[in-house]
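In what comes next, subunit A is part of two complexes: it sits with subunit B in the first one and with subunit C in the second one.
Right, the complex of A and B next:
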């Protein structure tokens, strides 16, 4: 049936795969990259032409408080996420079959469940008079006041990011040659020494990418902080939402979005440099 | 074999429980007989599960989410497959750059993507419409499909395609009769991942829709922000149950 139209078919080989290759990149540039240029334009034209929005962001006391809070909350949640994720990744990769599977289930059920449902679960536990309070009451510690504060935001963010952080760590750990560990044991190194001096350094690249990923994710994320913070723990991403829809200050919201993107790219660039340096040192 | 300390094992177990804790905590709340979110006090009720079937609120949103997720996942998978096969066949010098461009929506903070897509839809007049929402979801989920497709293609033997071409198959025939059937599991994975991603998408959805088009995540969001409706607990339990079943089923298959 194809033989009846030899010319168009043969043409497909040259242009068809070219169209397949470029279709999505072209759409993406039109529907995503160009609009982003428009957003950048908004940030210097609304309400009027000039860099006023950026000046406000970098000098206003309110925004400095928001940036500082964003930085600390993201840093803290990353610092808590990484050890938890490392522990899970380690036992997922190195543990026995049964434990490994149990851990896998614990990682992937939350991984696939909507961030809203997960945040809701924490609301149920952490709100004032919630489950956590019931437990501390029963134990005689009195009421736990965790509703809408920075700690419940951090708890929710850590819970969101742990499964994401496990994956790059586990994929690096899987590639570690177990014969190296056996060799170290055979040469008389104690098990704990094998972990600290061989396993941990060999798994560090995974930790680095998990670190960069976790920090970047936590910077741009607003759903969990808005639900668990209830408007009291406003960070950069949430303030974009507030500027766009609650105060209808589109220019300022756009400028904040641009700043966030620049920061993320800076972190990416930096983490790539760090990793390259690390590779150089290990050689 | 080494470093399997008892303390580490216990800590890992605790970390696993921490991950499941909020999902388990929701369950009792969904059976409360009261109108507000509370632990059932000896009495249990299924009224909040019935509330899900209210055609004006929850059911309508479930329908919207299903429609948007089906449309965007099929479109996204088609586009991602075309792109993946294009890369695989042509192996262009700019391949890495193109893949980087395509994966951009994963790296860019969701809130920045949301502002960009809001800008686009405002310009073309598609804010708060199904087509506009589908377009935004497609932009956000194609990267995940592309990852699934590229990983499936990386396991595909190039000689298969060469043999097909050598035996006289046209490029089109070799795509449809050799490449696509061989990566069908990757195709399914790409479609399924994008279906779930679109079904759950909240950050961009909150920016570009919400008055006429209300997806399930948007309705849950409103309920969490305004008052805590126990129907959210009931919906959560169903989603948790479905996810758990899929994961357990998939694992026992493998």
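Right, the complex of A and C next:
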């Protein structure tokens, strides 16, 4: 076999794509891996060498309470987000042109508004004597005490995450062949049965990835719980912030960060495994 | 007795596009009827209306004389095989086939028995526990067929089920479909744009064009006695010669192709009234000869443009004096020595072989 003689242009192109190929890993190492290695080092050296910080996190009742609270808040907000996002994704994909356009706008507009603005928006609505209270008062249900509690935090988190959860579910739903649904109808299955027996199982991979994404996202929530919880609903990310910038306990803050990251990776690994099984099932 | 399925004045419009224009049709119990037509001719629209997936704009669909136009698809009890099969990807072959029985709450033992019988009928023994994606196209097609037949529907609708398969497999499945039709006795309604497929399988063919059924008959009748130029040219190959100076002489049709006189038996004298007409002759009805035959009509000189060897038969392409293209199918050694390109030969035909159609 004759081999084409390499010409300089191709070499430049090759160099170019090599740079592109390596740029992202290099950025990743410089911006994430190195700093995180530093943080990990802090967690075992400050204030002195040893695993004192980790022992403190896993045995201290205050930190256990924070982790437990984080877990429950994340679980609840994920559990509320997923059904809402599923319905939106369903009507976005399956609905008529006008309905799906409206949903599309509702999904994409929040992406353009800062988390901070949205959190303060909810403060205005949910604070004691706020808009929500005015409405419940007018309807005769009395005062709504949602200022700075766990439910305001969950409301804000759900509002933030719904659009993110819609996207992976919608992309899976889009791939469902409508003829498969017609086939089920033609075989004598009622429309509700078609949903339960065909549509839901076929859209499940999207639900799984939305679940993992939403839960991982919510673990790292910082602005929303801080503003809507007002210091009463301290979650992990906020507690890292407190250790770092208020009590200046850098080693403890670093150790908290490491624990959080390990938890996130564990969930990612778990969801990957579930997804792989899911894929095997549908093969 | 009312027909098994009757379509009465079916119309369907998508916006300003009329997909079906006043179509009426009777389907007999147990027959293999094919809707044949180019894409966009309305054949799939009518199939979907019969299945209950698309409501008609107006008109009615009757089953044994009873109007089912308003019955939803899941209550019609018709089986359907889709283009691209539309199998349930998350269910196994056996679960796919069992689906219609499960939703009908048939007892488990009976489900297993009927699924097993279907698996044998379509030749899928050993594949019951695979998912559709692990099967070949032909096997998926068989699953789709079994799934649509297992609940013993009175009508099976097939929407271009073979179009995704390669030629050999398609011909094999055609035979299998015909055999299954014979075994089950179910009414088959088959949609295709492939005329060879339609002719090979059907008891009757309905030819669709622009939202209308232009002719409905047995394949041989459609082939021999097309009622329009569209049907003549759509089904098989047809030579169409523009004629002039047409007149009726003692029940026979006399006209000219250029300077040459032609005669045909003409069934419908009304079409003679000066309207442009063509004489349609099948390629296998034309006879080629080197010497001018001793006849003064149904005879044309033909200049050979090309010869296509097809094994037992040869297709000879050429042109008549007016430039009209001619195609002749002959036995391979009909002329002794094969014709050469540019050679001038004669073609002639019997006066029963030509058919006059409106141009």
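Basically, the second predicted complex is superposed on the first by the 263 of 283 C-alpha atoms of A that agree within 3 Å, B and C clash if a C-alpha of one lies under 4 Å from a C-alpha of the other, contacts with A are read in each partner's own complex, and residues count from 1 in each chain.
Here, a residue touches a chain if its C-beta (ideal position, glycine included) is under 8 Å from a C-beta of that chain, and two chains touch if they have at least 3 such contacts.
In this text the structure is predicted, and so the values were computed from the model without any measurement.
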Touching partner for A:125 - first (subunit B), second (subunit C), both, neither: first
Which of subunit B and subunit C A:179 touches, first, second, both or neither: second
Superposed model, subunit A: greater residue contact from subunit B or subunit C: B
Touched partner set for A:254, first subunit B, second subunit C, both or neither: first
Contacts of A:275 with subunit B and subunit C, given as first, second, both or neither: neither
First (subunit B), second (subunit C), both or neither touched by A:187: second
A:202 touches, of subunit B and subunit C: first, second, both or neither? second
First, second, both or neither for A:76, with subunit B first and subunit C second: neither
Shared contact residues on subunit A - subunit B and subunit C: 182, 185, 191
Interface residues, subunit C side, partner subunit A - complex: 51-53, 72-80, 82-84, 86-90, 99-100, 103-104, 131, 133-134, 147-148, 151
Of subunit A, residues touching subunit C in the complex: 177, 179-180, 182-191, 193, 197-198, 201-202, 281-283
Residues of subunit A defined as touching subunit B within the complex: 2, 9-10, 12-13, 16-25, 27-29, 31-36, 38-39, 42, 84, 87-88, 90-91, 94-95, 99, 101-110, 112-125, 131, 159, 162-163, 178, 181-182, 185, 191-192, 194-195, 199, 216, 219-223, 226-227, 237, 240-241, 244-245, 253-254, 257-258, 260-261, 264, 268
Contact set on subunit B toward subunit A in their complex: 1-5, 8-9, 11-12, 15-23, 25-26, 29, 37, 79-80, 82-83, 85-87, 89-90, 92, 98, 101-102, 104-105, 107-120, 123, 135, 139, 142, 146, 170-173, 196, 199-200, 202-203, 206-207, 217, 220-221, 224-225, 228, 232-233, 235-236, 239-240, 243-244, 246-248, 251
